[in-house]
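Across the two complexes that follow, subunit A remains constant while its partner is subunit B and subsequently subunit C.
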Partner chain A sequence: MYGLTRYKLLFLLPGLLILLGIILFPLGFTIRVSFSGWDAARPGLDWIGGTNYSRLFADGRFWESLSRLGAIAFTSVILEYLLGFALALLVWRQVRFRRLTRVLFLIPMMTTPVVMAVIWRTIFHESLGPANDLLSLLGMGSIPWLTNSFWATVVVILVDVWQWTPFMFLLLLAGLLSLPREPFLAAAIDGAGPIRTFFNVTFPAMAPISVGALIIRLIEASKIMETVYVITSGGPGTSTETSSYYIFIRGLRDFQIGYAAALSVTYLVIMIVLLTIIAKSLSRYLVKNGA
Partner chain B sequence: MKTRVLISAVSMFALISSSTTFASEDYAARFGIENDVPGMCSYASIDAKDYSGQTLNIITHAIPVMGEPTALHAKQFEELTGATVNVVHVPFGDLFQRIMIPFQTGQNAYDVLFYGSLWIGDLNPYLAPVPEKYRNSPGMQDVTRNYIDVATWDDQMIQYPVDGDRHYLKYRTDIFENPDMQARFKSETGRDLTVPATWEEYNEVARVFSGWDWSGDGNLNYGSAEVAKRDDLMFSAFISRAAAYAKHPNVKGGFFFDLETMEPQINNPGFVKGLELFVEASRDWAPGGANFGLGDEIFAFGGGQALMSYSWDDAFIQAQQEDSPIRNQVAAAPLPGASEVWNRDTGQWDSFDEPSRAPYITWGWTSAVSDRSENKEMAFDYLCFFSNEANTESDLQIGRFGVNPYRESHFDSAFWTDKLGWDADLATSYVETLSGMDSSQNRVFDLRVPGVSQFMSSMATGVASAIAGQATPQEALDGVAAEWKQIVDRIGVDTVREAYARVVALEDNQ
Partner chain C sequence: MAKIELRGLGHAYTFVGGEAQFALHPLDLTWEDGGTYALLGPSGCGKSTMLNIVSGLLEPSLGQVLINGRDVTALGPIKRNIAQVFQFPVVYPAKTVYGNLAFPLVCRQKSKGEIDRRVNEVAELLNLDKFLQKPARSLTPDLKQLISLGRGLVRDDVAVILMDEPLTVIDPQLKFSLRRKLRDISARHGHTLVYVTHDQNEAMTLAEQVVVMDSGRVVQMGTPQELFENPVHPHVGYFIGTPSMNFLPGRLHGNDVEVLGHKVGLPTTSELSGVSEILVGIRPEFISLAPRAGKKTIPGLVVDVQDMGGFAILSAKLSEDCELKVRARDHVPPVGEQCHLDLQSDRVRFYLDNRLVN
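On to the complex of A and B.
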């Protein structure tokens, strides 16, 4: 018995060590770096205690970027959920076109974010891009897509929605296809119309999958970076600067490695706490109430 | 006996002459250069070296700007010497950290580095001084004072000049010299249309020529295209504008800081005036102009949409491409100046009869050899070869390479007319503008101190917030000044002062 346990441990050990190496070491190293003053002028891992963390609490630009990120992430994920759900419902019964639709919807998700961001930047170029050309053809005035704070935020959300709605669609479509048929038959026998069936049967049955999809997307959306980097560079001013872009600026542009590490650790802690609360709340209200 | 010796000598001379001629023609045919110019860095001299079995590692910018000539000359160097040359291309945003991290962690990753010259304040501890024999080479002796200054740290040359950069004004001569345009401008402003001598004039010309089709191609045109995107080199555009108001020709001891107290000057009335005019100009930019990076600026001026622009050479070279619709319809001029300049010694504005100009010797591409390199001789030979007369002459003619005039011999207008077919007036305006910056006694250099990226990033954020209307120019620059104080405190006031003293020495012509 003892020998069997030992063999199990021996076989598990390489995997565990690799796991520790690729997950825990970078995290531990980042935490250590966050207590150093490593920058262009002071190389290496000196010890400056909590200086970076106290600086961080007074750094208004970081907290603004965090709240901006929250607004952008929530808005885009909710839009992606609504659109993805609507599209999944549309093709749910259309078995003939399901394969084609899936392929078509996979395209935005499969493209490289940076490349797509460059294309979107060209589309929204205010004097040369087709977006304003189209508006002028329709007799409408030009929109300052990238030089107005509101519109620049809209563009960032729009690009994220374009890229990630297919993910939501595929996940929700898979959920819909896995639903048992009996509740729908019962609803039909009871004379429930499509809207009532949706709110009383489909939506509650889809609640666990919806919560999973929303959380996965929120985690991903909270790291939004490529779109901001390529399309707006955080501008105009700082109006589209998100936390990850701000950390990138501090770490790799300004070369404040220690401070950027402190920002990253703080950001990680905030995200874990927030996403845990959101996941629990969603589970409580959607899954329990729906079930 | 004497006759035999004479015959032998003549034969030897003839043989050497013929082989030299043959070799020179051979290099021209093999490598696409015009002529190999004899010297220690020539094709023939480098061909005589044997670096077989040795490896040279180079880090440079992405293709094409500087990356393409680096790779081209690396391949040629390999062919000539038998060395193995590895070239790593990195986007500009990643270049600093890709160079710095190996240095800080004690690795010997690269022998040769190509990077922005303003990083000398951070990189100087890791760079090898240029040996005397290279400093004494004819090519190096021909480098202008500005770029020798840019390459020097602590009286030692540690950067190898391969490019010359500065900001200057570019404008459309066909519009400025058009009587109809002149009449329209006069009727709107009450004064003659002249090449702007101050930034107020620049903004006025830009305003009058914005939002209508003055080129007659059916598309709207605009007065000015400027690099205004926050993280896309906008800080350099702001320095160009603010220098005229904040760099007083008679005030010594610092432009960005007061060297004595290390008090930031970035929020003094001169800089604020520069930013106010930058914000004012933004109202007349093309749609999306506030999001223009360097590429957009090049395209807007070089493509004929904008009447004027100011930054590096690229837009000018783009306008002069063979297929450009505005080829030979452009000219160069010094950056506009200011009639009133802030005097931080007296705390007053001083008036000037002739606008005071402060040429901005902005950062550009430079190169260096790592102090940790085990192949320094080969590394310097590569840089020497990269910038030999034949290669430089060829590289100057290819706009996308990003190699711009930096030697006295490059300021011969005949080169630009003969080789590139530029009009004589245009070529003259170009070389006179560029060479004139060298002789100025009121030059502004980059803030070449440790942590320069932090200072510039902070400044760009402040300027961008003013342009976006998130803060007034004064509020924005007050915020920048407060952040600069924190950066100085973090890096160490003495460290920054010691480095900044070298910049001040250049600006004060010491």
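On to the complex of A and C.
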């Protein structure tokens, strides 16, 4: 038995080492750095105890960025889900042009985030962008897209929705196509119209897939960064600043490495707890009502 | 309660070069009011296609569907007053059993009192009354299938109940009791019942009339006994009965038919002038094992014996490429021994070009 255990370890070792190297070491190192005062003036791993953490708890800008992130992520993911589901339902039964529409929907997903963020910034440019041109053509005046905190948030959400709705669409379409036919036939026999069929058959059957899609997108959306960086740089003021962007400012612009590490660790813990709770309650609620 | 007529009904899912590839070849069929019918055939023979056309889920490429003399070909399922139960139990998972049973009535905007009355009636009929408040998704497959059936029965205007292999996912023991329940219900309410299955036992025990199908065609329709005794096509003999009918090559000598030089019977038809070869069919049930060689017996070598409990299925080799199955009760000879087979001459059937001729 002893020999077998040793062999097992031997075979597991390469994988374990890689895991250790790429996940556990950086994580451990970040935690260690978060207890140091490493910054541009005094680089190095000294020990300052929990100073960074007590500073963080008093840092209103961080907590604001976190709640802003929550609002942006939730709004865009819900919009993406609704739009994606609607689009998937629209093309679900259609047979012609199926491949073409799917490829078209994929384009936003395949573009580089920074490139398309630049394009969107140009579109929403207040004096040169086509968005305002169009609005004034329609006689609605121009909107301060990037200098008003409300509209800037709208633009960030809009770009995220534009980029990620296709992902939702594809996941939900795959789900729809995998549904069995019988329940739909039974609903037709029972006399259910399209709305009743949707709420009693389609939606419950799609619940597990919906939960998966929503959670994947929420995790992804909670890291939103490039769009903010390119389009608004967190502005005007700090009104579109999300957590990851704030951590980026502290760590890589101000070089407060120790403090940024403390922010990252806190952010990570909050995200893990929050997303676990969301995932659990979502699946309990939706899957219970589904299959 | 309704009479259903299919007139020149045919369906093709695909067309190759403008020519229809029929899944269901054009046919005429009448199902009488209150009858129980089974559509029997192997997978892909067109039975489900026929059922979906009758229920209105599928529009036929050709012909008409008449319910009580009214042409309903262009009408959707709601307007036809049809209940259909599918192979896999369908329940609305978010609803209770009550909600499930009430659903068809809710869709038809019936009053609350009426819904309540009907649901309770049907729940009692199907013994679902103690589950009414439970979520439907938590039930076992057989109870779910009862709910599917119940959703058909709650509508008191249902003309016909169509079932598409509804017992496939049910345990064998439960199958038996469910089958009996189905019979009772259809007998008591006088619903016309059309039942699709590939299981001959199910078809034979449930239906008054069995429609045997093969490759999109109706081969024979008749009572279980007719199908057993006089299969009009070798396919029917093959598909019905366990084990299936034996088929042997026969030769005509004057008026006699001989199998391997032994006289087996005398066809009563005059169609056979000029024919020398004929297919001879006999059920394993109508062959007996003679204790010794006689004038009428055919010798064979026992090559296999399957003990089925109450009886045995014996395979006997008559020649290099000719084997017979016999259903034997006692004195079953062991493998490797000679046996003497006695074919009941009045039970022998003759087929010419896959058609019964005597």
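Going forward, the second predicted complex is superposed on the first by the 280 of 291 C-alpha atoms of A that agree within 3 Å, B and C clash if a C-alpha of one lies under 4 Å from a C-alpha of the other, contacts with A are read in each partner's own complex, and residues count from 1 in each chain.
Everything below uses one rule, namely that a residue touches a chain if its C-beta (ideal position, glycine included) is under 8 Å from a C-beta of that chain, and two chains touch if they have at least 3 such contacts.
Predicted model, so just to flag it, every value in this text is computed and none were measured.
Superposition of the two structures on subunit A shows subunit C fitting alongside subunit B with no clash. Shared-chain residue A:I249: touches subunit B; no touch with subunit C. By the touch criterion defined above, A:G237 reaches subunit B but does not reach subunit C. In the superposed model, A:L185 lies in contact with subunit C only, and not with subunit B. By the touch criterion stated above, A:S142 is placed in contact with subunit B alone, subunit C being left untouched.
Of the two partner chains, neither subunit B nor subunit C is touched by A:L268. Using the contact criterion defined above for the overlaid structures, shared-chain residue A:I22 touches neither subunit B nor subunit C, since it reaches no partner.
Within the superposed three-chain model, A:P204 lies in touch with subunit C and out of touch with subunit B [touch as defined at top].
By the touch criterion stated above, A:L90 is placed in contact with neither subunit B nor subunit C.
Nearest C-alpha atoms belonging to subunit B and subunit C sit 48 Å apart in the superposition, given in whole angstrom. Residue ranges of subunit B in contact with subunit A, taken from their complex: 93-94, 96-97, 100, 103-105, 122, 220, 229-232, 286-291, 293, 305, 450-451, 453-454, 457, 461, 464-465, 467-470, 490-492, 495.
In the complex of the two chains, the subunit A residues touching subunit B come out as 37-44, 61, 125-127, 129, 132, 142, 144-147, 149, 232-239, 249, 252-256. Only residues 52, 55, 57, 76-78, 82-84, 86-88, 90, 92-95, 103-104, 107-108, 137, 148, 151-152 of subunit C touch subunit A when the two sit together in their complex.
Interface residues of subunit A, counted against subunit C in their complex, comprise 180, 182-183, 185-186, 188-193, 196, 200-201, 204-205, 289-291.
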